[in-house]
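Some structures are shown below for you to check.
Next come two complexes, and both contain chain A; in the first it sits with chain B, in the second with chain C.
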Partner chain A sequence: MNGAHASIRDVLYDAPGPKAKRRIAFVTVISLLALAALLAAIVRRFYVTGQLDPKYWSIFLRYTTWRFIGRGLLGTLQVAAASSVLAFAAGMLLMMARVCRYRVLNAIATFIIELSRGIPTLLFIYFFFLLAPQFGLQLPSFWRITLPVSISAMGVTAEALRSGVNAVPRGQTEAAVSLGMRSASVFFKIVFPQGFRYVIPTLISEMVIVFKDTTYAYVVNYADLMQNAKVLISNYDALLAVYLVVAVIYIVINYLINKLAATVERRTRAAVAAAK
Partner chain B sequence: MMSVGELLSQFGDKYLQALWTTYGLTVLCFAGALVLGIAITVMRICPIKPLQWFGDFYVQIFRNIPGAALLIVLVYALPYLRVMLSYYMCVLVAVTLIPSSFCSEYLMAGMNTIGAGQIEAARSLGMTFFQIVKNVVLPQALRSTVLQMTNLLVATMLTTALASQVPLNPADLTGIVTYINTHAVGGITAFMISAFFYAVTAVVIGQIGNRIDKKVRILR
Partner chain C sequence: MSNGKIISQEPIIELKHIDKHFGSLHVLKDINLTVHKGEVVVIIGPSGSGKSTLCRTINRLETIDSGEIVIDGSVMPKEGKKLAELRSQIGMVFQSFNLFAHKTILDNVTIAPRDVLKKSKREAEEEAMQLLKRVGVDSQAGKVPAQLSGGQQQRVAIARSLAMHPKAILFDEPTSALDPEMIGEVLDVMTELARDGMTMVIVTHEMNFARRVADRVIFMDGGSILEEAAPEEFFAAPKTQRARDFLNSLGDRESRS
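And now, the complex of A and B:
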């Protein structure tokens, strides 16, 4: 990611001359001052409202606090892992139905994919939360969050997989067919393995979407990171501190997943280029 | 269980208001996200290092924070800093900030498709940084990211469902489902109507985006 950004940044301006250097140095100092002022204003806000008081932050020095946060995070990770697996399985089936030769299956898969991609996760959550019980379907809270999150992710997964499959050159299919291979084995032995490799980075970055969607677990009272944060808050009366720390945990984890996706993408691209 | 007709005759005006809330939030937030996203992108490519850092930091924060977490911070944590925003404002801010970071990421990727030769040519014509950005870089970056921006508009609409997490009057398309379920046995029909509006809007936006893309895409 940073490599890609560096290129446009590098090309936009030449090595500056003495005049431009002075101007850049001047504006740099001004902008540094402005950013420092912004930071100072935020810290001051915390100070004057008493939010810097150690009583709010000292709970993070305790092992029990982190153990509780860790347990919530574990709950979040379990939902995220189960949702990712389910979304991948369902996305795979939808993709195959979408690209197969039967028109009816194509249409059904397209319809389901559009619904999955066009409806907010929260609405799916309310569907399972409010409506499923009316049909006598009693689900444990784990599934009441995992199912809607997977349903909401399966459409994008199917489309990502399809874009990978479509990126495999047609000549390969034609060659395999002319060798007498059956269409199913052409797909599973030749097209899909390559197409899948192209989209691994996309699939990894889609885990960020799944991970973010798990935050709605509080709606169904499932003990995830957010839900445990609420419990911590009611125990210690440190709302601002706890929510800020939890937000940072989410940001860091998603940042790492994105970094992983970018690294894998660079490697895949290099490998694909080397193979050509 | 109520039929669609019964449900609409009883809650029809509520649905219309809900649709209006969702569409209104979507349009406002998307417009705000575009403007903010462009501003952040200009910061990220300008020669001033601290502004680049700020832009990069901003994008990493808002593309990685879950919408619910951001909304909760805005609604429950900010009052402790004596920053009071109305519920509507909280939703508006959350659903603008998150897409703005994605907007900037798409623009950065779109810029990389512009040939270095063009920028060198502009520079040798004596154009300043802002002239190059305004006349050469941004127009092409926007034209080559129509499809991503279309997806972003749909994503923005889906993110406005966050509005159902705060008491809003009138409620949005997701909030109305819980409203109807607490006031009547709307059952699956209430869910279906909202789902239908979301999905149809998403498909229509997608189609329009494809058309615009075909018209303005720069063939290289």
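And now, the complex of A and C:
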């Protein structure tokens, strides 16, 4: 592989020769034409049904529309941030319980992790939204979305952290132990900091999942981006316009998170490679 | 004893009737060994004979099935605070260095004195710099291990051990992972330590070095100590056939390469 930028494509295929290059050019042109045709068909469809009418788009010329979208985005970001922090904290505890020396804790942590990973987020949301109130647990809507999203993400987080910790060479622990360090010190000062570095990119990628899960906020009537978009749609009937704008916002944010993950991955990979 | 060195009769490490299995493999068979203060014991033997395992049982990186390990008069317990304390009194230098990859060279040397001995940062760093100077890598103090050569890393590992003021240091093939041109610099540091009176247990295939620094040579094969003698005696006239075969095979290897 040629260095840090080798992709799976470079691994699977040889560098293209002249014949392959012609074929690639051909496929590229055909794909672009097909894509253009598809887009044209879609736009035509919207035109016919009147979705391109200026009255649906003029709302985006108004400051209040953007302020409303901005409030929704802020709500989304708050839930995403709180969920990420909670999922990390809970994931950390679960990981430690899973690797510690007490069998009971190992088993309990494994069980919780499997539940967290195996149950869809929506089910956790229904639990806090529909079931919990019957037992007298009345939560504000912020927590009705944040808790289930965190619970849904903590299992994956725990497993990511565990894979990092397991990847730290045994010799690191042995060296620390033979210097007389106790197990808590060995874990927190030697093993965890290294294992954590290995999985930073994975953890950031998981933030994308958390971020997408926040769109369930509409189920619990929490004013996130999605919820406010729905309000706009029902007020102005501007289905296409609003969804398009909101989709672009989600794409941009997830793109930024992925970009961050890629940057961090490149850096940590360089650091890990240098450490070997 | 060799080197004209006078060795005290004060035992630092005592292994009494140590037995150990890896599954069905009887890897250590009734090992009895006493290392006295200031003594340099070199363990040699064919690959797989249990040298590393013996070395690692001394500070309980490996558990034992039966027997007793006594460090400077204290029986080594199976676990807990006392075990950590006794481990801190016995240094260990590994074949693969095992420097802490995420810490600078200076931090590698100071972390245990600060964490275990509760030394202040300043005190630990001052001493660490002296130790790094002693092993000749003080100019690298701010770098991370990956930026150093193997020989430099192993010398840092020795400094890291010394920072705990150990009563003895165990070396498990400290030069086996090194390029040939770096072996000398590590052996020089070890020779110096031996001269300064450090108690050392060394597993090595460097026979010239063994001849030079050992007060006593232990020959192991198949999990047992087969011979135990002063180096001049052992190398001149090994008593067992297996030791003769082993030394011959080494001779072959050296003449071939």
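The criterion applied here is as follows: the second predicted complex is superposed on the first by the 244 of 276 C-alpha atoms of A that agree within 3 Å, B and C clash if a C-alpha of one lies under 4 Å from a C-alpha of the other, contacts with A are read in each partner's own complex, and residues count from 1 in each chain.
Going forward, a contact is a pair of C-beta atoms (placed from the backbone, for glycine too) under 8 Å apart; a residue touches a chain by one contact, two chains touch by 3 or more.
Given the structure is predicted, the values throughout are model-derived calculations rather than measurements.
Participant: Given the touch rule stated above, what does A:234 touch, chain B (first), chain C (second), both, or neither?
Facilitator: It touches nothing on chain B or chain C.
Participant: Mind working out whether A:182 is in touch with chain B, chain C, both or neither, as first, second, both or neither?
Facilitator: second
Participant: Pick one for A:166: touches chain B only (first), chain C only (second), both, or neither.
Facilitator: A:166: touches no partner chain.
Participant: Considering only the touch criterion stated at the top, classify A:263 as touching first (chain B), second (chain C), both, or neither.
Facilitator: A:263 sits against neither chain B nor chain C.
Participant: Quick check for you: in the superposed arrangement, does A:121 touch first (chain B), second (chain C), both or neither?
Facilitator: In the superposition, A:121 contacts chain B only.
Participant: Could you say whether A:221 touches chain B, chain C, both of them, or neither, answering first, second, both or neither?
Facilitator: In the superposed model, A:221 contacts neither chain B nor chain C.
Participant: Under the stated touch criterion, which partner chain does A:190 make contact with: chain B (first), chain C (second), both, or neither?
Facilitator: second
Participant: Is chain A touched at more residues by chain B or by chain C?
Facilitator: B
Participant: Of all residues in chain B, which touch chain A in the complex?
Facilitator: On the chain B side, the touching residues are 44-45, 47-52, 54, 60-61, 63-70, 72-73, 76-77, 80-83, 108-109, 111-112, 114, 116, 119-120, 123, 129, 132-133, 137, 154, 158-162, 164-165, 173-174, 177-178, 181, 185, 187-188, 191, 194-195, 198-203.
Participant: Enumerate the contact residues on chain A facing chain C in the complex.
Facilitator: 169, 171-172, 174-182, 185, 189-190, 193-194, 197, 274-276
Participant: In the complex formed with chain A, which residues of chain C make contact?
Facilitator: 59, 61, 81, 84-85, 87-92, 94, 96, 98-102, 111-112, 115-116, 144-147, 157, 160-161, 164
Participant: Which positions of chain A touch chain B when the two form their complex?
Facilitator: Within the complex, chain A contacts chain B at residues 4-5, 7-9, 11-14, 16, 24, 27-28, 31-32, 35, 45-46, 49, 51, 114-115, 117-123, 126-127, 130-131, 134, 208, 211-213, 215-216, 218, 226, 239-240, 243-244, 246-247, 250-252, 254-255, 258.
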